[in-house]
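Next, two complexes with subunit A in common: one pairs it with subunit B, the other with subunit C.
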Partner chain A sequence: MFEFCSNPENLSGFSWLSCYLTTPKHMNLFYSVGTVLLLLLITAPTALLFGFGGAVMARSKILLIKVFGNAYISIVRGVPDIAFFLFFVIAIDQLLEWSRHKILCPEWSEPIRQGNDFVVCTIAKLPLSSSPQWIHEIYGFLLAVFTFAIVFGAFAANVLYGAMRAVPKTQIETAVSFGMTERQVFRRILVPQMWLFALPGLGNLWMILIKATPLLFLLGVEDIVYWARELGGTKTAKFTSYPHGDWRVWYFLGLMIFYLAFTRVSELIIEKLMRTLSRGTATLGGALQGQVGR
Partner chain B sequence: MKKLIISAVIWGLTAGLSLADSHSVIRMGTEGAYPPWNFVDDNGEIAGFERELGDELCKRAELKCEWVKNDWDSIIPNLVSGNYDTIIAGMSITPERGEKIDFTTNYVMSDPSRYLAASEGADWKTGVIAAQSNTIQASYIAATGATLVEFATPEETISAVRNGEADAVLADEAYLKPIAAEDAGLVFVGDAPIIGGGVGMGIRKSDTDLRNKFTAAIDSMKGDGTLNALIKKYEISEQMF
Partner chain C sequence: MSCIDIIADYGLRSIGLGERLLPRSDFTLCHQFTLIGSGMIWNIYFGTLALTSGFILATLLALGKASKNFYVRKLSGWFIFIFRGSPLFIQFFFAYFLFLSLKQSFTFLSPLTSAWAGALFVLFCNTAAYSGEIFYGALQAIPKSDLEAADAYGMSGFSRFRRIIWPTMLRLAWPAYTNEAIFLFHATTLVFFSSFPAWQQRGDALYYANYFADKTFNPFVPYPILAGYFILLTLILIGLFGIANRKLNIHLPKEEHSKIKFRIRLIR
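Now for the complex of A and B:
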């Protein structure tokens, strides 16, 4: 990156470090921080959406929907994350390719499963093997987002389901006596009031989600953990201009500080949000702010 | 939400239809963590013996190739499920692997594996020996009197010896040599067992055409001596074709 980096052997101290930290290979580490942030940014709202859907379904009066909602919540919550990640991503990938195969190549006569191999016609591949590598990476990333959203959506659904039940019954009864329809009660009373009860649980989930991002590595997305391990490993002078010993401990220390700082900032924001939400409510949190008049 | 899912599915099913007839690209899967065979260089690109070899093979077979990195442990499962089309990652040809995937003809002959230890007197016969999981070395140690500890990456096997967790590490000589050369604390000990039937490219069993193309390309490189030159350049093996 810098001009003086053309001869790394002659460098030492700070200038060596500044060259080392800006090699194209090292930049991948910084990009992967972006990948993790992007994943969180997309996954959190999606998971919340899944959670909301799951909670509403679990509350439904129609038996079939209720059973489906409850099944989603309890099955996904009960399966270990790693098992779910390993199974689900392969399954959904093969399901998509299988459906594309059925639609796009109806004249194909060979079986899709040939021994160990999963073979679909060339144009049914997802992404096509002729697409550039970045499309493959985005596809893998989207699969990861989807999987994260399903897993964390189930937990969020449970939190929201509980929060909806925590809204005081008197509030609902009052709304009904004002002549609101069921839909209006849900939209105007239940949902606005439940957030207060859901927030601690959702905040918890957010923290766990942040800490779960290294699972990306399991899905073949090269995240910060992959690059920390790869860059931190011993490098012999034969294969790099920047040889060094086993520095993984420093890289992982950096990761630890990154995650700690990140969760700390989240904590502060959640606390602030909690204070805003409880203002004026008939809860202990609201009363502590001295906002509830007597 | 329903609409979202449906439109996502439709997109998923139809995406890239217009590109469908463009000629196909062969995706080459490698580990990128096993110098000098394959590694990631300072520019973030896959480099090493197999990069140069693979590019030349693709040129000779008139294929368009793209390089993909994949973890060693899942490198066979991801080949058979079609994430890439070949494995070119210093993989030895063994009967167990041959049950799941096919191999091209070998491009490196079976070469001795070596024990690397922290001291001359290390107990490589019955001690604790580190090896990368799912390698021929791991199954070799499991069959001897030594205790096997497995690691997911080659790097971790070396640090296990450095920090005393293992008495020695068993790996390909070409991988251990540059490490031993730069670290005075590590020495070669014991036997040099010859394991496996040489190194070849892994290909799906259903992809016979592709396997034949690569075998032909490897044979042509064996014939004109370019393969031997590459093996010498990267110090992969003492044995030439």
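Now for the complex of A and C:
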């Protein structure tokens, strides 16, 4: 990257380090930090949307929808989330391929599950085996995002469901006595008021989401964990101009510091946001502020 | 081969007893149930030991964080911050590679590079930090009148702590602590996915579930089995902690027993 890096053997100390940390391979590590941020940026609103849907469903008056919503919320209890991550990535992939197979190759007669194989016709493959590498990578990333959104949507649904119930009944009753319809009450009273109650839980969820991002590694995405392992391993002079021993422990120390800083900054921002939002609601402010940062 | 044979062969496979090779083909439901169940031994091992040993450190951390001594307070605060602020997954990786390099200079540390000791140590620190924060919160919430009553009785020092502060702290913290225990058991599934080697394919429940999902390319059987086992484990935990909760609140009239409520707090 820098001009003085052209001859790494002559370097030492800080200049060696600055050259070492800017090799093209290291750039991959920095890009993967971008991947993590991108995942957070996409997942957070998607999960919120899923959560909102789940919470509304759990409150529904129609039994079937209510049961479905409650089942979605309660998947977060009882079962380790890592199992969900590993499960959904394959399950969604197979579900997509299976439905494409049914639509695109209706004349196909052989069974899809042949012993230990999952066989669909070539044009139903996702992504197509002829498509370039970057499509495969994007598809993998999207699967991961969707998986995160499903799992975290369930958590968010739990938080929002609680928040909707926390809105004072008198507010709802007042709205009804003003002659508002059920929809109007929902849109004008319930949803605007629930956010304050939901914020501590959502803030907490954001922290959990940050701490869950390294699990991308398990879903087959080349993320920071992947690159830290890759770059930190012992390098001999044969293959690189920057030989070093096993430095993985330093790379993971770096990752730990990165996450500590990230969660700390988020915590401070959430605290500030909470103080700003609860201004003017003196009765709630004090009680709720204690819960932030769980 | 009948199911009983399979159980005899693979029931204790995760701790190295029975058949040496994992099944390679013709996976039956019985295979999957037996092996994944056998893997649960590790989850229970990690969870139980980390929880009990972490409990002691957590009490110390909570007292430390509330201490008047500046250094003790800062040390406990930083310990809790480091283990609560970073992902458990990264902690596992970091600890594994740290132990790996320590092993070269101190040979007596070599057990720490295997999962049974190394991962247990990380889980111990992790749960101590999370429970320490819970206990600290409970410590701050002890009613002043309780302490004043203790003073009035002439209690001080350790007897005041043992008879008044500690039981009240546990009573207040118990619902949150129950959650912590449940999620600690869930977190044990990360161990064999974070560099700690599953020596001779002796892994935990998720390790075997993942093995079957890879081999059969069908996630719809092993993962629901795993889920079933974990729901069972969670129910048992809730039951045990409920009994403890009743014991803790035995002096209160029945209606006032604080019911344990479940709040989410999942991945670390």
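List of remarks:
FYI, the second predicted complex is superposed on the first by the 279 of 294 C-alpha atoms of A that agree within 3 Å, B and C clash if a C-alpha of one lies under 4 Å from a C-alpha of the other, contacts with A are read in each partner's own complex, and residues count from 1 in each chain.
One rule holds in what follows: a contact is a pair of C-beta atoms (placed from the backbone, for glycine too) under 8 Å apart; a residue touches a chain by one contact, two chains touch by 3 or more.
Given the structure is predicted, the values throughout are model-derived calculations rather than measurements.
In the superposition on chain A, A:Lys25 contacts subunit B only, with no contact to subunit C.
By the touch criterion stated above, A:Thr236 is placed in contact with subunit B alone, subunit C being left untouched.
By the touch criterion defined above, A:Lys125 lies against subunit B but remains apart from subunit C after alignment on the C-alpha atoms of chain A. Judged by the touch definition given at the top, the superposed model places A:Ala166 against neither subunit B nor subunit C.
By the document's definition of touching, of the two partners only subunit C reaches A:Leu253; subunit B does not. After overlaying the two complexes on the shared chain, residue contacts for A:Asp117 are found with subunit B and with subunit C alike.
Of the two partner chains, subunit B is the only one that A:Gln133 touches; subunit C does not reach it. Contact with neither subunit B nor subunit C is seen for A:Val67 once the two complexes are overlaid on the shared chain.
By the document's definition of touching, neither partner reaches A:Leu17: not subunit B, not subunit C.
Residues common to the contacts of subunit A with subunit B and with subunit C across the two structures: 90, 94, 116-118, 229, 246, 248. Contact residues on subunit C toward subunit A in their complex (touch as defined above): 25, 27, 81-82, 85-91, 93-94, 97-98, 100-101, 182, 186-187, 189-190, 193, 195, 206, 209-210, 213, 215-220, 223, 226-227, 230-231, 234-235, 262, 264-268.
Residues of subunit A touching subunit B in their complex: 23-25, 27-28, 49, 53, 90, 93-94, 96-97, 99-100, 103-104, 114-120, 122-123, 125-133, 136, 220, 222, 229-230, 233-234, 236-243, 246, 248. By the touch rule above, subunit B contacts subunit A in their complex via residues 1, 12-13, 15-17, 19-27, 32-33, 35-36, 39-44, 47-48, 66-71, 74, 78, 80-83, 85, 100-101, 153, 155, 158-159, 162, 178-179, 181-182, 204-206.
Across the complex, subunit C is touched by residues 76-83, 86-87, 90-91, 94, 113, 116-118, 155, 158-159, 204, 208, 210-215, 217-218, 225, 228-229, 232, 246, 248-249, 252-253, 255-256, 259-260, 263-264, 294 of subunit A.
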